[in-house]
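This is the structure I have questions about; it appears just below.
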Amino acid sequence: MLNNLKEVNPLVHCMTNMVVTTYTANGLLAIGASPVMAYAKEEVEDMATAAGALLLNIGTPSVELTEAMILAGKAANKAGTPVILDPVGAGATTFRTDICHRILEEVDVSIVRGNAGEVAALVGMDGVVKGVDGSLDGDKLLVAKKLANAYTCVAVVTGEVDIITDGEKVYSVSNGHSWLTKVVGTGCLLGGVVAAFAATVKPDQYVEASAFAVSSYGVAAEKAFEQSNKGFGSFGQAFIDQLGIVTEEEVLKLRKVES
Amino acid sequence: MLNNLKEVNPLVHCMTNMVVTTYTANGLLAIGASPVMAYAKEEVEDMATAAGALLLNIGTPSVELTEAMILAGKAANKAGTPVILDPVGAGATTFRTDICHRILEEVDVSIVRGNAGEVAALVGMDGVVKGVDGSLDGDKLLVAKKLANAYTCVAVVTGEVDIITDGEKVYSVSNGHSWLTKVVGTGCLLGGVVAAFAATVKPDQYVEASAFAVSSYGVAAEKAFEQSNKGFGSFGQAFIDQLGIVTEEEVLKLRKVES
Amino acid sequence: MLNNLKEVNPLVHCMTNMVVTTYTANGLLAIGASPVMAYAKEEVEDMATAAGALLLNIGTPSVELTEAMILAGKAANKAGTPVILDPVGAGATTFRTDICHRILEEVDVSIVRGNAGEVAALVGMDGVVKGVDGSLDGDKLLVAKKLANAYTCVAVVTGEVDIITDGEKVYSVSNGHSWLTKVVGTGCLLGGVVAAFAATVKPDQYVEASAFAVSSYGVAAEKAFEQSNKGFGSFGQAFIDQLGIVTEEEVLKLRKVES
């Protein structure tokens, strides 16, 4: 799938948060996609229609941006462009949770990428999931399936172990490196990488494409740590290096996926 | 204090300028804090209330953002959350100077972090301070004390030598490296680091916490230059590395503080 | 010219897109300019008047930002400050093409920096230019001259070979490295570097200053690849390093310019 991605070089329309724009764009360029950022309501429909995938990341939300995201999402739906939602901080403020619900109700979202706490907030299970970052794998699967079924989408719930499910099929991926949590934007960039893979397959392959995206990402992180373990800044750059270097063959060999 | 910061892992709500968001977030992650960026008036009160500290940096100001900052600042005051103001470009345009004055009047600001020229502009002494970047140390102390007394806050006035004062106690710190001035966002990130330290102490320790923050920062910069003096880009990354590596013991050993 | 730039240390007022702000600022600092970002209509006139050059980059456009750019542009015109336009994505959406036309009609733009496709869109020749990124050098020269003549400006049309022309004089520059296309913001930063050089010369030298800027940029990229060819992330940082290291003498020796 990675070879195919590089050949297709999909245009990924990113409406993402202002903390991670540069890192997202560099990661997408490295792996072989073409990122474009566009936020204005006057042009997002054109861009989403032209794109291979649309990423909606609410990390620095506003009312105006939400409206533009919904316009873009509807245009993407009409064009058959997959829509990937990253519900950054859902549960942290009601403003964010509400925005996600509005998007999920008005737009046909193909894939949601979040951590366990965020996904739990989306399905009203905040109280259940405590150890947000990966400890409670049982709960993680539960909220992932609930989200997938509630919105007929693929849920990508990341943590120490990543869960990818469409409500029936389930993949768990154990690649990656803990230093990713010390570099801002790595979670958000993963949303972009999932979008890039989704752009290159048909809807019935979104779950496999998402699992492959998560594996590729994790393998690149492992290679990055081998190359550069001097500190978090260098590691963050080395990870971009490796996103450009990692091959389909390496992913197939090094991925730790269970289904 | 650095060990304690890492243990507390404070949430720092950053309302900062769009040039430095990523670098600020990465620096805060490296040193052991949890950055969160939120700008919308609909959620800043919730976020500032939940946070351990609130950073207001006016580097790319707008009317709308100012209103949100004041909302956040008032919520922080109510919650007992320290508010750190970074008056980027005060004096460069009257728009910026006016915004800072509005914030200082409507919000109880705990700590102001700026260079001598910016702080001079805030206390109406633009004419006095000429050699903005550190040469006139006498003037720097003068404007720092004037600001601290005028707004009952800690003034952190940075330059070749950094002055930290609450109007009575005075610390001067001589750590750091001149290459910091060639990497955008290093001044702004320092505001964030001061906020992270402030989040872990009581108000009567803000001045000591600020001095320790400034020393830690300077020591990390010196270590970064030892590690990577190839160019400004590499140095900027190495500095993030070192913010994650520098220890309390190294700071205590290498800091050059006078009080 | 590079020695002179470093001596003048020009203030470059950047109104640029949110994907590339940090990289633009770091590149400008490295080469010896002083970047300042300001976007609010309340202050852009003051800032553009104080600056040595004004960069208008429409990479993440909005209606509000366009209004502020035009205010800034008119203030720059009044003050004799050169205005550099980077029409990112012109042709990709009509929103962007229209914004560029409005700016070009209301503001006296000194220099336009874009790729062949963008410039073709500005002069209504989208249909002619197909191989946007550098293959059709004949077409590139054609659209460059057409733009230069239509708006009495210098056109800097970048690609594998870069064309710089004021409609009469023509320079072509063959420096650079293909990896620049894998690091987001390198095209946009070039617009900033052209602005920095323009800030240090008289209007009748804008074409030579632009050619020197493009050559310096290309030579720095070649040196960066020699230093760091591990991956796109490292290369992007090494390029900032080299922008700070490259000397006038190296540019004069290594540039590949034809006129």
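Labels A, B and C are assigned to the chains in the order they are written; within every chain, residues are numbered from 1.
One rule holds for everything that comes next: a contact is a pair of C-beta atoms (placed from the backbone, for glycine too) under 8 Å apart; a residue touches a chain by one contact, two chains touch by 3 or more.
Just so you know, these numbers come straight off a predicted model, no measurement behind them.
Engineer: Chains shared as neighbours by chain A and chain B?
Structural biologist: Chains that touch both chain A and chain B, as defined above, are C.
Engineer: Same or different for chain B and chain C, when you check if over half of the residue numbers at their contact belong to both copies?
Structural biologist: Chain B vs chain C: different; shared/all numbers falls short of half.
Engineer: List the centre-to-centre spacing of chain B and chain C in whole Å, with centres computed as mean CA coordinates.
Structural biologist: It comes to 33 Å between the two C-alpha centres.
Engineer: For chain A, write out the residues touching at least two other chains, lowest number first.
Structural biologist: Residues 18, 22, 236-237 of chain A each touch two or more of the other chains.
Engineer: Would you tell me which residues of chain C are touching chain A in their complex?
Structural biologist: 17-20, 22-23, 59-63, 89, 92-96, 181-185, 230-234, 236-237
Engineer: Touching chain C in the complex: which residues of chain A?
Structural biologist: Of all residues in chain A, those touching chain C are 18, 21-22, 25-26, 29-30, 35-40, 42-43, 46-47, 50, 227, 236-242, 244-245.
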